[in-house]
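Working notes for the structure below.
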Amino acid sequence: MAIETPKRVHSEPVVVNIGPQHPSTHGVFRLKATLDGEIVQDVDMLIGYLHRSMEKLAEERTFTQNIPFTDRIDYLAAMSNNLSYCLAVEKLAGIEVPLRGQWLRVLFAELQRIASHAMANGTFVNDCGAWQTPLMYMFREREKILDLFEMTCGARLTTNYMRIGGVAFDPPLELWPALCSLLDEMPDRLEEYAALTVDNEIVLARSKGVGVVSAEAALNASLSGPLLRGSGVPWDLRKADPYCVYDQLDFDIPVGRDGDCYDRFRVRLEEVRQSVRILNQVVERIPGGPWQAEVPLHLRPAAGEAYARIESPRGELGFYVVSDGGPTPWRFHCRAPSLINLSALKEMTVGRSLADAIVTLGSIDIVVGEIDR
Amino acid sequence: MDGVGHHLAFWSLAVITVGAALGILVSRNLIHAMVMLILSFIGVAGLYLLLSAEFIAVVQILVYVGAISVLMLFAILLTPRAARDNAETAMRYPGLILMGLVIAATVFVALETDWGAVREEPVAESARIIGQSLINEFVLPFEIAAVLLTAALVGAVALARRDDEDIDAHEQSLTLEGREDSGGSS
Amino acid sequence: MTVLLDLQVVADQLRGAVPESVPRVDTWAVIVDAGHLVEAVRFLAGSALDLSFLASLTAVDRESHFELVYHLQSLDRNHLLTLKTIAEDHETPCVPSLTGEYRGAHLQEREVFDLMGIRFEGHPDLRRMFLWDGFPGYPLRKDFLGMPGTLSAGLPGFPHESGENRWPVPGSTPVIPQS
Amino acid sequence: MTIGLEHFLVLGALLFGVGLYVALAKRNAIGVLMGVELMLNAVNLTLVAFGRFVESEVALSTSVFVVFIIAVAAAEIAVGLALAMVVYRNRDTINVDRVNLLKW
Amino acid sequence: MSAWLLAAWYDLRDLSGISREITEWVASWGPEWLASAVSGAIGAIGILAVIGPTLMILIWTERKVIARLQVRYGPNRVGPRGLLQPVADAVKLILKEELVPRAADKWLFFLPPVLVFIPALLVWGVLPFGPHMQVADLNVGVLFLLAVSGTNVLAVFIAGWASNNKYALFGAMRVIAMTISYEIAMVLALLTVVFLTGTMSINGIVLWQQQEDLILIVLLPMTALTFLLGATAELNRTPMDIAEAESEIVAGYHTEYSGMRFGLFYAVELANTLVMSAFMATFFLGGWWLWGLDAWVPSWIILLVKTSLVYFVFIWLRGTLPRLRIDQLMTFCWKLLVPAGLLFVAIAAVERTLLLEYAWDRTIALPVMAVINAAVTVAVIGAYARVTGAGAHRAPAGPRMARGRLGGLRAARQLAQAPSGSD
């Protein structure tokens, strides 16, 4: 047997590797769990299987060339990453984005949020043990959103759509009817999801009171996004530090009650609804005009540094870019919410069963590309 | 019982049963021994069927194969790896001699005794008859068996329950004295 | 809208609370002396400024020294402060760990240690995170490795490597580190 | 040759002998329990064979005995395994030749 | 019905005629043992002939139905409407290399796929497809079913232990704990049925339902539910598939099995699901009997339709529900199913005595009993739901809306104290 018998320990703890190849780690993420029976005694995460050294590579490429890298950081929310990076460089170089470009950025960032939350909630219920069904349902809308992306920029996942100073293309005309029909059916779909999952006894039994993290602990551990809000802290950068045109939009910030997995799930579900609200406003109010500022291809911002952050689907996604006046960034750092949200993993999982640990990991909604970069 | 089928069934089942029992005897691995024991149980169940005792055969499978062996496997899993061998003690040779003596004596008695009238046809509908005799002739043993089972259940739970003070005291003693060599390793 | 704190005001407050903690203030950040970092951060996280949320922690290799950059956020008062610390020693830089103050510093400090090679005094579990144990060098340092034919400087091979078993680089001369 | 009572009796004797040896000579407490189970099975087999071949006043009374024996065996195994667990917990071994203290 | 048609071997309504004809023919010239061997062989071949193609169709059906539940198409490439997909799967599984982990217990590793197959085939022997279409009408048929299907757990345990894999071991531990518990619930459920019908012969239970002119699920809804859930647990299907919980322990006990060995596990899982559906249909839905329709339609088709219904329920559960945790499953079994099972054993005993001893008019007595039992069922489940705090009306409130109260801990506290109906 692979189980070692430690000399003086009476009951034998079992070390189980969850990952790097495991159905519920959503990528090559390895969680080394020490179990006493089914109870988790200790978890240690061993990551880096997907480390591509983005931050080093970015120091070798010009500011514009770095945009495709950001796609691949969080491949489930490429638009958000593009946006955050472009905001940082614009801050660094002092570039003003035309109004239509800003609205388009909001449009695609919110679409991306819906797509990402659909994935997160689907896999979360999957981790609770459902046999793919919720995931497939939520993929339905995600597919439509990815189709919109494809219409606009030709790619579905790694969009590379935002540019420094705006967006790459004005969306084609056929995007708008497709978007409107999607927005029309979204409320029904959301009702359907809610009916299927939110008061499902088994989902409740599996996620209520599981993986609890208090508001104090969440703040101290620098959690952000749905985790922080699930713990009851009303903090959303779209409201707190509005970028683009979010200050002109009307939407609400859902906040959880107990900080358990179920609350995170509900917060994500509600955020999708709010995103639909935002999108409806965007469709109504988007102005005409140019969508991209005149930016030199070989941008050489003056020496300096900038930290720009946005509320990505997973939390505070920040880019810290330092320029030394040259064509490439001197330092390019991504504040990855997936990684930092794992800070509280140990507190959330230790002392509960293995099944709960899996559900908790699912509710954190990690993307390994973003953890490892 | 002189049909070809009967002969075939009896001899194959006898070989399975005794062979599996010998397998327990020689097996060094407790889990392998356990599998052999299960095989032996199944062989005995087959012999019951041959003896037209369907009810007993099914109960044999249900209780021995379905419950007792699973319980034993569970117990094996709960003990540490080092304790999963199936070695013999110093009683090996006395045991062998005693085994030979017992077998010889029993076989002698079995073969030399006149067992009286031998019934050719089995009694049909065994389950109904057993049930009726259980609650008519044997109602007192039946109740006693029920009490015994309950007592055993309670006793097993009481024994296997693990008090927290026990663990603490035990782990303390372990750290003080060190762990005894549990003997054997696998 | 998040307010960026006036650096000079914060620096004065810090100097009042923790003497000699702020040697200077640059355009973007308050620079705190590494020796007083924990005290300074404890003061900043306290009720006076409520910078209780460590938004981001990273380091920049300035070739002669390392800059550690902390973005501290107050959620209740919605203001942001950029704090910097200098690790002077470029070979074996070392700064105090903030894990005592912020649980969230745990993973970020490990990341910086892994990629930049900055040791954090007092970090409970300072191991490599992305790279394997025994990986030679710290890749985000400027003197780590330069990719041949690209724009920036760097070493031509791993520091420990001898000349012959370097990565084969067809038809290009290694870039000489400029300083 | 017909398969008769003697066949089953000899088979039972063999099974009983093997069980006796296992119960006596095995070091592991669970192994000992296996031997006991084998012996019980041998007895059951003999009883059922008697019930099949020998006329009795109460029909199938042997089978009733067998049912009782199986019930008692189930109880015995539960208690026996619980005992083995307790011994293991207190002595850190389930080797019967190491459990040589009558008190602890 | 004319008697000559019923007795003829080509009467599709009772295929046992074929077996009888052949056996009689063999007995007319051959020895007795050959005749009985031939009769057994016919049963075995018949069962294999039923299971083989049915499994193929089942794999396709399950995948297709699950796909429909999941708004996708399912297999539609191999053959017409993807019907040949199972064949392609089988070919793939056969051609795949069968890996044996180096540290595995080689002998024991080979055993489980075979061990798991034997009981899966054996239980078919006591399933009555028609009034005479049953390989062995044991008078302890119910016990036989329980005993044989209970041995599955051994194979699963050995599989988990021999693979020398921690996931597999976890699966084995879980399956033992769960199966033993749910088997008790199942035994109690079947005991209720046996008490009421007064027979342990499975065909006898169908005949009782025919005689009383009702299906047992009407009379014993809680028992039927217990049996269904116990079967779900025994079959390791969602929501009780903790033994092979994909998201937790990868594939549980058969993590290390590949190729056709895995194929055997997979086939047996489906075959067991099918046979449990068939027994569910037999015990609680009247089996081959359907209010006289069985005189016209072949009885095995009636059974097949009922089985498909139950099977659909299994697929439906699988496609819909998430998995429970092991402690929740145990709680559910020991705190609801077992006590309710005991209660219904008592109820069934009383009802049987009333029916037999006092010979009440059945047209009145049976409906009254059905109503009483249904009421008790509702009461028991309601009480359990009340104790555990479950219930759709108690769905937790959704998230609050921040509504301009952005901030950190202070804002969080304010928000927590705000009236909860703020959104």
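For clarity, chains are labelled A, B, C, D and E in written order, and residue numbers in each chain start from 1.
FYI, a contact is a pair of C-beta atoms (placed from the backbone, for glycine too) under 8 Å apart; a residue touches a chain by one contact, two chains touch by 3 or more.
Please read all numbers here as calculations on a predicted model, not as lab measurements.
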| item | value |
| --- | --- |
| Contact-graph separation of subunit C and subunit D, given in steps at minimum | 3 |
| Chain nearest the overall C-alpha centroid of the shown protein atoms | E |
| Between A-E and A-C, the pair joined by more C-beta contacts | A-E |
| Geometric centre distance via CA averages, subunit E-subunit D, whole Å | 34 |
| Distance from the mean Cα position of subunit E to that of subunit B, given in whole angstrom | 30 |
| Whole-Å separation of chain centres (CA-atom averages), subunit C against subunit E | 61 |
| Rounded Å distance between subunit B and subunit D, as computed from the means of their C-alpha atoms | 5 |
| Sites on subunit B at which at least two other chains make contact | 55, 59, 67, 80, 126, 170, 174, 179 |
| Residues of subunit A touching at least two other chains | 1, 3, 10, 219, 233, 235, 240 |
| Residue list for subunit C, restricted to those that touch at least two other chains | 52-53, 75, 78 |
| Contacting residues of subunit C [partner subunit E, same complex] | 50, 52-53, 74-78 |
| Partner subunit A, residues of subunit E touching it in the complex | 66, 69-72, 103, 164-167, 169-170, 238-239, 241-242, 245-250, 318-328, 390, 392, 395-403, 405-409, 411-412, 415-416, 423 |
| Contact footprint of subunit E on subunit B as seen in their complex | 3-5, 29, 31-32, 35, 38, 54-55, 58-59, 61-62, 65-67, 69-70, 73-74, 77, 125-128 |
| Touching residues on subunit C, where the partner in the complex is subunit A | 1-2, 27-28, 52-56, 58, 60-61, 69, 71, 75, 78, 80, 82, 102-108, 111, 115, 128-132, 139-140, 144, 147, 150-152 |
| Of subunit A, residues touching subunit E in the complex | 1-3, 14, 16, 22-24, 38, 125-133, 136-137, 140, 198-206, 208, 215-216, 219, 229, 231-236, 239-240, 252-257, 262-263, 266-267, 270, 353-356, 358, 362 |
